[in-house]
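Order of writing sets the labels: A, B, C, D and E. Residues in every chain begin at 1.
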Amino acid sequence: MVPLAYYVMLSAIVFVIGLAGVLIRRNIVIILLSIELMLNAANINFVAFSHYAETIVGQVFVFFVMTVAAAEVTVGLAIVIALYRRRATLNVEELTLLKW
Amino acid sequence: MTLALLIPLLPFAAFLVVGLTGGLFAGPWRGRAHYIAVPAAFAALFLSLIVCWQVTQGLRLNQDLYVWIASGTFRVAIGLQIDPLTAVMLVLVTLVSSLVHLYSIGYMHGDRGYDRFFAYLGLFTFSMLMLVLSNNFLQLYVFWEAVGLCSYLLIAHWYERKSACDAATKAFVVNRIGDFGFGLGILLIFRTFGAVDYHTVFSMAPALTGVTVNLLGPLEWAGLSGAHWDVGVLTLIGLLLFAGAIGKSAQLPLHTWLPDAMEGPTPISALIHAATMVTAGVFLVARVSPLLNLSPTAMAVVAGVGGATALFAATIAVTQTDIKRIVAYSTVSQLGYMMLACGLGAYTAGIFHLLTHGAFKALLFLGCGSVIHALGEEQDLRRMGGLRSHLPVTYVTFLAGVVALAGLPPFAGFFSKDEILWAAYQAPGVGAKLLWLVGLVTAGLTAFYAFRLLYAVFHGPSKVRPELAGHLHESPSVMTVPLIVLGGLSVAAGWIGLPGSANLIGGFLSGVMGFAGVAAGHGGEDDSVAHGMVIGASVAAAVIGWAAAYLCYVKRPELPSVWAQRLPMLYQGSLNKWYVDELYDRLFVRPTVRLAGAMWQGIDVRVIDGTVNGIGATIRRWGRLAQLMQSGQLQHYALLMVVGLVVLVSLYLFW
Amino acid sequence: MTPTILFSDLVAILPEMIISVGACALLLLDLVLPKTARHWLAYLGLIILGAAGAATISLAAGQAELFGGLFILDPFSSYFKLLLYLATALTILLSIRYLQIERIHLGEYYAFLLFATCGLMVMVSGGDLITIFLGLELASVSLYILVGLNRHELRPIEASAKYFVLGSLSAAIFLYGMSLLFGATGTTNLGAAATALARGHGGPVLLMAMIFLLVGFGFKVAVVPFHMWTPDVYEGAPTSVTAYMSVAVKAATFAVFLRVFLEVFNPIKPHWTGWLIGLALATMVLGNLAAIVQQNIKRMLAYSSIAHAGYAMIGLIVGGELGTMSLMLYMAIYTLMNLGAFGVVILLRRTGVVGEQISDLSGLAKEHPAAALAMLIFMFSLAGLPPTAGFVAKFYLFMAAINAGLVWLAVAGVLLSAVSAYYYLRVVMVMYMKEPAGPIELAWSPPAVAALVIAAAATLFIGLYPAPLVGYTQDAILHLSLLR
Amino acid sequence: MGAWLTLVIFLPAAGAIGLWAVRRPEAVKWAALAITLAELLLSLPLWGAFDRTTATMQFVAEAPWIPRFDIFYRVGIDGISLPLILLTTALMPVCVICSWRSIDRRVKEFMISLLLMETAMIGVFSALDFVLFYVFWEAMLIPMYLIIGVWGGPKRLYAAIKFFLYTLAGSLLLLIALLALYFEGGRTFDLMKLMEASYGASFQFWIFWAFFLAFAIKVPMFPFHTWLPDAHVEAPTAGSVVLASVLLKMGAYGFLRFCLPMTPHASQLAMPGIAALSIVAILYGAYMALAQDDLKRLIAYSSVSHMGFVTLGIFVFNVQGVEGALLQMINHGITTGALFLCVGLLYERTHSRLISDYGGVARSMPRFAACLVIFALSSLGLPGTNSFVGEFLVLVGAFRVNPSVAALAALGLILAAVYLLWMVQRVVWGAGRPAVERLPDLSWREAATLVPLVGAVFWIGVYPEPLLAVMHHSVEHVVAQVGRDSLPDGVPLLVRWIAGRGTAP
Amino acid sequence: MTAVLFFYLATVIVGGSLLVVLLRNPIYSTIALLVMFAHVAGLYVLLNAEFIAAVQVVVYAGAILVLYLFVVMLLNVKREERFQRQVIPALVVAALLLAEVALVVFGGRVGDGLIGGFGGGSGGAFTAERIQAVGSTAIIGQVLFSAYLYPFEIASLLLLVAMVGAIVLSKKV
């Protein structure tokens, strides 16, 4: 049996990669993708813990997280489209109308 | 009691009425102040004479009118005390005051501030009377400052003149410096005796001889205070009170205000700056004699300051050219005499001289006033001369004043001055002999400048400005009558204090101010030879002075300039008042003003406000930095969040 | 293991049901109603809120864990729900005229506002990480949309994008924290987790979980260094939305913050007190400092709201009866005064004029004394000066801090509120002491006036007579499990 | 009778609210005048019915406010607060009258601010609950800020914010202190109970410094004084009058009401320091005044100097000192207030506050000049005027404790004479300048503001006993409170030499 | 066997994640994410969560990623700079975070922290056996509509809001 720690570590790696993606990429779509990575990392945790704790709650939680992810993506992509329409860019570095 | 109370209240009422009508409001009252003020003054004089007579019949009074301040154990009343000292002062004050009132009707006629002037006169008379009537130190202090205020207001009577205002401010401030000591003295009295009324203090004082305080007590922790900083508490009190007297009576080193005070109208110079207010210092010293007597040190200081002032002022008086200034320096000098007497324990002599001086000096000032009046505000000696024929009454009365001042027998000044010199001669110790010598020299100088004044003004060729020469005229009778009255007194006032057992004034006052040390003025028969010698010496000095003046200003008028050229240092020094004013200006006035400016710009604006504004500016600067963090780059924001996260985790893991 | 749903459970979520059904109704009515009648939707929204309020009040005395612990009904949550209704209602009142000026589509706006409120209510009542997360997301998603709803300008969409990216990031971090907490305790139920923790479960993972959760909460209430979105989003969003966000989200998040930290993490309180103090200090300092140099009033208020989050944290740090109470009180008062301040800013927005610069307020007192007076009251209240409500709020916070021995924290707090007085005063100064650049026309409307009057009167009233509110707040936490 | 006091406190506030309904500026002025006069009349019975034979609080009223935290509306007055309340009520009509013409815009708001100030000030002096006190204390900042900032001079914005932040920074620490006292004193905000409780030495120490900062800024004491000149210079006349006459007193009142009874031990420890600061304030303030060319700034610095006497008097802990300080507070209120009125009158006529722009005012405005000279003389402590009594009592008190302190303080009197007389000389005397020559003398309205003050100057100067009689018992009580715990061992040497020196019997 | 599977899946998941972040073209990134998601689903199967695995494939891979692809292609972004200027500090911070988590998970101080929470077979109701017996889909369905009815409703609201919101936001002005 694979130790729980491995799952947790795997999730951590994915989480950090996602985090790094948010921090370093300029394209807002890829940033959204990175956030998906992070959510998945949490999901891996939930399922793993759920398995090892012999409970179903974790899985239920993951189910809800997916719902949330779907909702977020919907809204997020709508925002991206609206943004692109108005500013013709997906580069978050150019979003500096609001500062200071 | 009611009678005594009425004496000060009459002038006060006059002040209120005159001040509130003509003084502040134009209209029908304007220019009629004398209808109220003069009768009030004379009524006060009349009452004073009655009271004085009652006192000779044994009346003594010491009564509180009402409690003024009561706080814990500190309790001060406003009260009246009447004894011989008070009585003579009452008479002097009301007499000179009423004469000056009368005189001013003529002198101040047509002045813009006529009514104001009379209001102030009333206020001054009230304050001066209350001063002498006080039965405690604090009340004395109150009216002490009040007369100072009147002096201030009257010096600045012609407030358009800058010099007048300067003089007024200077007078007040210099007096304040003396009063600083006076005030501290009262505080020390309260701390020492637990009371500030004369009776308690004087009756407790003998028990306190030998008790000391350490001047540097507060610095004990720094190891500075030692036994040699111990001072007898009575000495300290005496010296502090004397500081007040120094200021008020224009003694060294606070004498500078009095000559400048001549910027005021001449009647004021006569009343305040010659006869009454400036003698308050002497009065104070006489008043506290029961305390002073217990402290030889304080006495010595009083005598020393008095002697030094007498000589110092006389040396200045010889070269001045402003007639009022000559008389003013003479006043300073004569006040020095009085102090000298008091310091030697000859209080009665001091007060006697105070009285005679009051008469002849008031006369001299009023005479000067008459001259100035006639010459259209001219005060320079060098533009006078030969006025004898134009101003006969003035001349005669002035002459009486001069001989009285010069101390020629049998005029008033002779007897009082002689008593002082005799007291000095008689007192034990080398110092006293030295003081006698100083007194003698001063007597000579006094005679010199007195006659110089007389000759320069009334004798010799006229140097009056030609445009004035035509209509020189004698003053009106409201002005000459006071002159005549005072002239009579200058001649005769001395006779109340004939040497020996006939000394009326001495007997009258000695009950108040007896001094064990010197039986001043009226010693035993065996001293009569010595006494005669002393009299002879002083008369000789006066005559020498007279002769020198006659020589220099009548016989050979070119002599003074010759001497002036031959002794330039002395002449210039004397002419410039030994540069005391300049010295004070350099030492105190200018540094103070400069320091104030520097402190304001340096400490207040730069350091304190700089700090305050600096804090504000720093906060703003930090705010701008904080604002700069907000780059608008959302990934910076994200990074900062993650950094926060990492920092928190690190804190947990590694700390 | 499969708890049955009882009718009583459904009664307990009546307020949430009213709000969500009402929101859906608004969405539908928006399609049906003619364009001219759409502003009635706002009043319908108010009626819905009123109904929910009535339901909440009738339930307020209840104390129960329902849906198997997913939903908690207690006076604590009712307190915050009433606060949310108040905030929403005032926001709606302020929005009516403003939306016309901004040309924001009406029906959806009110519906999303209600959805957001519903999400926050779910959060406040959440007894389980799942409901808390879902409630948070419901509110967040609604707000992402609300922020970007104004399509006529450039700034709102940028704000929306920033808010969305950072919000999602924080949600992901928050979620990861939840997963770790789940890992550490084996449960998502707060009560159960607390029990597990009290038995000594946990260890390092628990602390990691706590830190991740802290980031999530910190983001929502705008605690340094997770605050960075606040100024940009507050500035960019429609002002009415900013107003709503600044109070409602903050209040609800603090409610959950309290629940989670004081109930679940109470056993390890010594660990987090220090960190929270650090964060609170940093928040107060940075918020106040940055607010000083702002020219845009919305941005200034954004930084000020950051600073206020820092103050409020003091209540959380202290915990206990006094700490909790003071925080709740603070949130209630903050809601009133901050909404009021934004309300005045909203009045300044009229067609063709942005009215967001502080200098736009110049001479307001001369032109519109009543509006200026209201703003004056709000500013002094935000600065925490008596006799306004803001003073009462700070008073209890500092009292709590001193009671807990955190005198120096209280001292730092008061000194920084002196700093804050500077920028609040600047607004007053501009209104009262500068001459107007030109005639100022305010976008008056009866509802907005009503909202301002309510906010100003309440701010003053609470300042003068705080006893009722204080008493109610104290009663609301009387039986709170997290305090035992 | 407690209800009466409450009425006195809140009448101006109620009037302020009522004023809102009045439209015409003239009517507003008359209404404000009527309210302040009514308030003055209302406050007089307090004086009459005051029991002078006890130190207990009188006219006490109590009502629950936030009872759960023992916050009550508690008011009451004793011999310390009564004179200050009367000073306030007496000066407010003057403030209204002197604003009659000088305030020409937003009259209503101005009068409302003034009236709100009055309520807050009276509230401060009569509050017996710490929270209530604090609320009044801070509430006053708001109208004062507006008065300076809206109706002030050219640099009013800077002055207003400086005033506000300075005082706020100080008083916020007061908030901390009062909260700490709440817990330490047995969970109560009742001042009477807080005064009876005794506190540990180190606790007292911290509380004292918090108090000190708040009150020292308000007084203002030496290094915290720089807000005052700016505030005074920029404030309108009525603002300056209120500021000088009443606001500054609140700091000193705070020292008396809080520091001495609640932190006696710390107060005694702090005594050398505060005495030193007071001396510095007296001399430094006087020096600053010497350097000024701006009349208002000069008077402001003279305030610093005069308030130095007040703090010195309070911190010598004996009856004379404290009564002197209290009396000096009243005196300073009258005299400095009046001086600001005078400057305001001049400013109304010429729109200049620079001394160098004046000269020879005595010729064109003799009645005004008389008043100005009287107030200047009062300010320099001339015997017979009010200030002398106060200052001398302070000196008596100080001298009993430490002669050298009293001597240094007395030096301030010399300097006062210098700067005030120099001011008088340059403004009142001298040759009339053309600009000054045609100035009209006092109008009846102006005279109505100045003449009562002249009367007060002499009344207190000549017969202060009625005022002192009111204070006696309360002051003795305070002095007993501060003396109740004797100096413990280990007190620094510095204290000992201040506390007991001199060998006089 | 499970171990081998786990390591395979883990490798692909990590690799896929890295590609998502590193690839220049968003389309490639999306496809990398797809691969990664599928392998995560595999991981779920490994953990006895078949239902979740199915949902992962259907919802994530099927719906969400298609949406992404759709948007990416719709917007047809021209090539841009890939990375932020802050790439180095960001990576350092990320690495630090990873190291710290690793420290917690494996590190000395951690001990068996994780296991301490609920060591193997801590007596939960849903043991692997029971789930396999009933089937995870059935169990989750049961739970969702009974115990988790309330959050389920909330989730539905959330989706409604997202849907309407997306329409409102992406509507042309």
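Keep in mind that, in the parts below, a contact is a pair of C-beta atoms (placed from the backbone, for glycine too) under 8 Å apart; a residue touches a chain by one contact, two chains touch by 3 or more.
Remember, predicted model here, so these are calculated numbers, not experimental data.
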Smallest number of touch links from chain C to reach chain E?
1
Listed by label, which chains are in contact with chain D and with chain E?
B, C
Can you name the chain that lies farthest from chain A, using the mean of each chain's Cα atoms as its centre?
B
Chain ID, smallest distance between chain and overall C-alpha centroids
D
If I count C-beta pairs in contact for every pair of chains, which pair wins?
A-E
What's the chain with its C-alpha centre farthest out from chain C?
B
Could you put a whole-Å number on the gap between the CA centroids of chain A and chain E?
7
Where the centres are mean C-alpha positions, what is the separation of chain A from chain D, in Å?
65
Measuring from the mean C-alpha position of chain A to the mean C-alpha position of chain B, what distance in angstrom results?
97
How far is the middle of chain A from the middle of chain C, if each middle is the mean of its Cα atoms, in Å?
26
Quick one: which residues in chain E touch 2 or more of the other chains?
84, 86, 90, 93-94, 97, 101, 104-105, 109, 114, 117-118, 122, 124-125, 143, 148, 151, 155, 158, 161-162, 165, 168-169
Contacts with two or more other chains occur in chain A at residues 8, 15, 18-19, 22-24, 32, 43, 48-50, 53, 55, 60, 64, 68, 71-72, 75, 79-80, 82, 92-93, 95, 97-100
Residue ranges of chain B touching at least 2 other chains are 616, 627, 630, 632, 634-636, 638-639, 642-643, 645, 649, 653
In contact, pair by pair, are chains A-B, A-C, A-E, B-C, B-D, B-E, C-D, C-E
Would you pull the chain D residues touching chain C in the complex into a rising list?
64-69, 106, 109, 131, 134-136, 138-139, 141-142, 145-146, 149-150, 156-157, 160-161, 164-165, 168-169, 172-173, 175-176, 179-180, 182-183
Listed in rising order, the residues of chain E that touch chain B in the complex are 84, 86, 89-90, 93-94, 96-97, 100, 103-104, 109
In the complex, chain C residues that touch chain B:
161-162, 165-166, 169-170, 173, 204, 207-208, 211-212, 214-215, 218-219, 224-226, 228-229, 231-232, 271, 275, 286, 289-294, 419, 422
Which stretch or stretches of chain A touch chain B in the complex?
19, 22-24, 92-93, 95-100
Any idea which chain B residues touch chain C in the complex?
616, 619-620, 622-627, 629-630, 632, 634, 636-638, 640-641, 643-645, 648-649, 651-653
